[in-house]
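Think of it as A, B, C, D and E in the order they're written, each chain with its own count starting at 1.
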């Protein structure tokens, strides 16, 4: 059912996320004014930028939580919300969109764990119901993931009984349980006590080391410098500057970038 | 109605908050295990410490949101929740406690602005209803405070229409509107985007410069170093270490303090 | 001269309570309370030389209101039965029977009342017909026929509606009001067969209130004597239900003979 | 890892200009069409059906008995709802108190008044003299200060208001309790820290915020009450429905008169619904402003109903 | 600025050992005493009052007609509530859809069925044959497929279930709409990001969380419905209350029989209340665990009621 459009659009097959001239408006407010980004397979892209610059909106467009108004946005060489046939984009049915979206994991600022389910239930719900895994298999995988994020003993706890850092680690494990091709993070540590930031970042570093493709909106410049393959600075709905994190942080080209980094560092 | 017990307890009248051997339990869980703190008039005390160490609980005891189980806790030389008569502590009626509490301002991590009131209404509600100020007078004072926190033009906005940093500045103005003797801050910047932290801290610095007595629970070590007169490190319900901020940060005595500072810095 | 209880004498008023039950007591187009009972009550008040006041009290609160002394007289056409006599006393002023009412096309079919056996019959709860239906069912049994199904409805309109929509074969009605209903139904319903199971009907008063009982009996006697009673009953086409002398029922044994 | 350079923007833009074919929802249109046809058929059947006797309906719409009944219904509803809210509020606060001395009686109140049919309560209150002959105020030292027969005090209207207010209060207490519980604890603490007294805190901070949760079910309750008031006919207070019944009991114009009552109920309920909407908006006026993440749920609705949201061409 | 050195701890501790005198609440004790005395007096009056005829009450409690009525009441309530919830859910979802094609009919549904007295709807459905003589399925090409007289289909019980289900659905739709709206938007998005389909998302994520807001007013509604079912008596379906009425209409034992009905209603409502409490707990089981900031509101309750919370001596 999925088809590849790498050739058609002359994109290298090693590109996981390809955005060119992506535009998005809310009513008369243009939030994304032509965004161009390319995230290769297995790489980590960090997006930084002031509040309201459209970072979250862009992430939400990637997994089709928001529809874009124009431009080209491909994940692993295909559209998330459409099927290309006879040079026309046919909207997909909700269930089909969901199937594609399942391959794109997302981690939110406010965790958004399901409060009425235990940690384990949070992790196995979607694999069983969406991917059709067997309960036993899903459980095994979930417990392994919990071990990986250091929370093996919290499987039967409810989210409310965990600290923010623990909740965020569970949220990451939940996204991983769907065996996604790519993980999107929207400010995963900014709702956490500084003390707890470290534990979440270290889980994310492990993931990056294991070769997970990740797009991370963050204010943790240290993390970006250490882990990211590319750093993207967004402002006012466009990409102002992008490149190697170390270089960009040490020597930002645009004055806006310089100003922003000065505030955050 | 208020009486001074400075002499009786041999405390200098320049002490705004005096805590000695303050203990507090929730059921069988002892959260404060004998806290000794003294905050002189016009000084700034910063409290740091790991999550669960009892920082919030101690702040809440100061303004009698929680009752302590034993120890001596005086604000400006008097008890907040009791009247001392014939060597006995008589519990006060709720309305009397409220009158005393009005002299102690508090700023919360999650702002807790009243969402159904405009910014101005948030500021004038208590001065009019609790302090009995005239509406015109309260309005004038409120507008001046808003100017002071840099939000003069937001008087008619609703909290939801403001950014986190703006909301927190309104919350500070709201506390100031009651002309408190002392301000308590419970992690005032930890729910904010890093970009917005600066604006709140700068308002707090201004306050400190103007001689407001403040007790600040925070993770912003930079702020503590720059502004605080004393730094208090709490752990496991006791004060582990306290002293001059610069000295303590540069050269922590206890290994727990060293460990904690290493994480946060 | 009729002896008046103190509550009548002191206030100069005869306070009665009625329920809506056409044509005895109902509301006319202008919202006024009218009907046979009401006319008789007005005549009685005149005989007693006092003013009449009417409270409209729905059936459910009649008995509690009598017990609570909220009302003194339930000016009604209630059947006097054994079980009811345990709760209240009666002043009977008419005799009532039961009659079958049905659709015009079934008029002949149900002319003999045992033809109802095995069918479905609608009655209004608590009316004379309600009791009569049980008696009729016994007759079915003795005749070796199947019993009919008794559907109890809370109001007369509902029993009528049940017959019109064909959910019941017929309904049993008090002979006194049946004529009125077949008349207002504009030919949709007809009466068939003859009146059966005659029994006394009358006003309800609190158990042991002998003063009120004798006042009512005396007043009605006077109306019978001076002919007013007959004129009113004639007006409503009910002279066949008239009696010669009101009877105060206080005891079950009075019913036996 | 090396980042692929992007092609020239204009090329990228050009190669992505596709027409978007929106998802078709044939079943939804079919359903809408069927509903529309059924409604038309029903309308036609209803309008042309002689059994409904529309001329009779018209002739009774402004009948004075009906209008008086309408007035009784509306008046009683308002008065009873007022008392029920006040009592319900007190009971709800007692329920939420951690003191058993207060929460137990409150729970008992709710249990009794929700559990007993309104009809029974009405009859018991109306005939209170069954249980208490006189209402007497006796003070130690002074003796009997005054004493009146219960029946004098308990007029039908008083009985109706007392019985139905208490009955309704049982329901309102549950609704208000739920609403108060929904207010964030931080709000209470912030207000206390500003020195607000419990009563002020309740009036200015908690209740206005609880209103959002309280109003919708209260709308339901009020409409229920509007119809429950028809019970007062039991104690000879003639409300709208009872007046209609009293008329058709005589004239057998059952259906037309029920339609008359329905008409007026619909009018009143419509007005109340408008009022409810207005109140709901009033108590969420703070949400009216700029909201970067609009109505969480209307989004869910749009997803569930698979609404097309395409606003341009990709 | 210089920080005052603290005195030796033990001195500080010693000088602060005072006995604490808790605030006295004489009025509260007085109120409790008065309530207790009044309740005792009432109990005494009620038990010893001959008008209430307790022996008669006892003799009817297990009367087969009453028990059959109880069964009808409970059975009808359950069946109707089931249908009303299903229909109400669909209507609530339609209401929340941003598509006018769905939300307008839903609003119309709620308006009509909340606004029309249940009695009227019952009579209209019961007498459907007045409007439609036969129910006919006519298909183009096939002609009349089948045709049955309306009265055969619309038995009293069917009419009661249809009419009251639709009526109740109007109320349930409002309640469910309110509940669904209360679920945080982040939950929906998180579920969508996990690839959940709208139906799954609704069933597993939204509804379980909405339940907390839905259950309390639904409790009220169910109890209301329990009593509303007594309307079915007008179409000769004898429910609990009506069965009692049918008996006292014959025997004049009004009060005792109303007490019998009350007894059973209280039993049923008590069971339902327990069930409601159980459901409420079930849907907030995640809150049962360790909660560092316990029940925001029970704190407010304690403040409002000025409960003593002193647990030691200062």
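One rule holds for everything that comes next: contacts are C-beta pairs under 8 Å (C-beta built on N, C-alpha and C of every residue); 3 or more make two chains touch, one makes a residue touch a chain.
Nothing here was measured: the structure is a model prediction, and the numbers come from that model.
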item	value
Chain labels contacting chain C and also chain E	D
Required minimum of steps from chain A to chain C, each step between chains that touch	2
Busiest interface, counted in C-beta pairs	D-E
Chain whose average C-alpha position is farthest from chain B's own	C
Label of the chain whose CA centroid is most distant from the centroid of chain A	C
Inter-chain centre distance, chain C versus chain D - centres from mean C-alpha coordinates, in Å	42
Per-residue overlap in chain D, given as positions that touch at least 2 other chains	119, 123, 130, 184, 186, 192, 198, 254, 303, 306
Per-residue overlap in chain B, given as positions that touch at least 2 other chains	94
Residue numbers of chain C (touch at least two other chains)	60-61, 64, 67-68, 155, 161
Listing of all chain pairs that touch each other, if any do	A-B, A-D, A-E, B-D, B-E, C-D, C-E, D-E
Complex contact set, residues of chain D against chain C	64-65, 119, 123, 126-130, 151, 233-236, 245-252, 254
For the chain D and chain B complex, residues of the former touching the latter	184, 186-187, 189-198, 200, 204-205, 208-209, 283, 285-287, 289-291
Chain D residues touching chain E - in the complex, by the definition given at the top	28, 32, 35, 45-46, 49, 51-52, 93-94, 96-99, 101-102, 105, 111-112, 114-120, 123-124, 130-132, 171, 174-175, 177-178, 180-186, 188, 192, 198-199, 201-202, 206, 213, 216-217, 219-221, 223-224, 227, 230, 241, 254-255, 258-259, 261-262, 265-266, 268-270, 273, 293, 296-307
Chain A residues within the chain B interface of the complex	50-51, 163, 187, 190-191, 193-196, 198, 219, 260, 263-264
Complex interface listing, chain C residues touching chain D	20, 22, 26-28, 31, 55-58, 60-61, 64-65, 67-70, 155-157, 160-161, 184-185
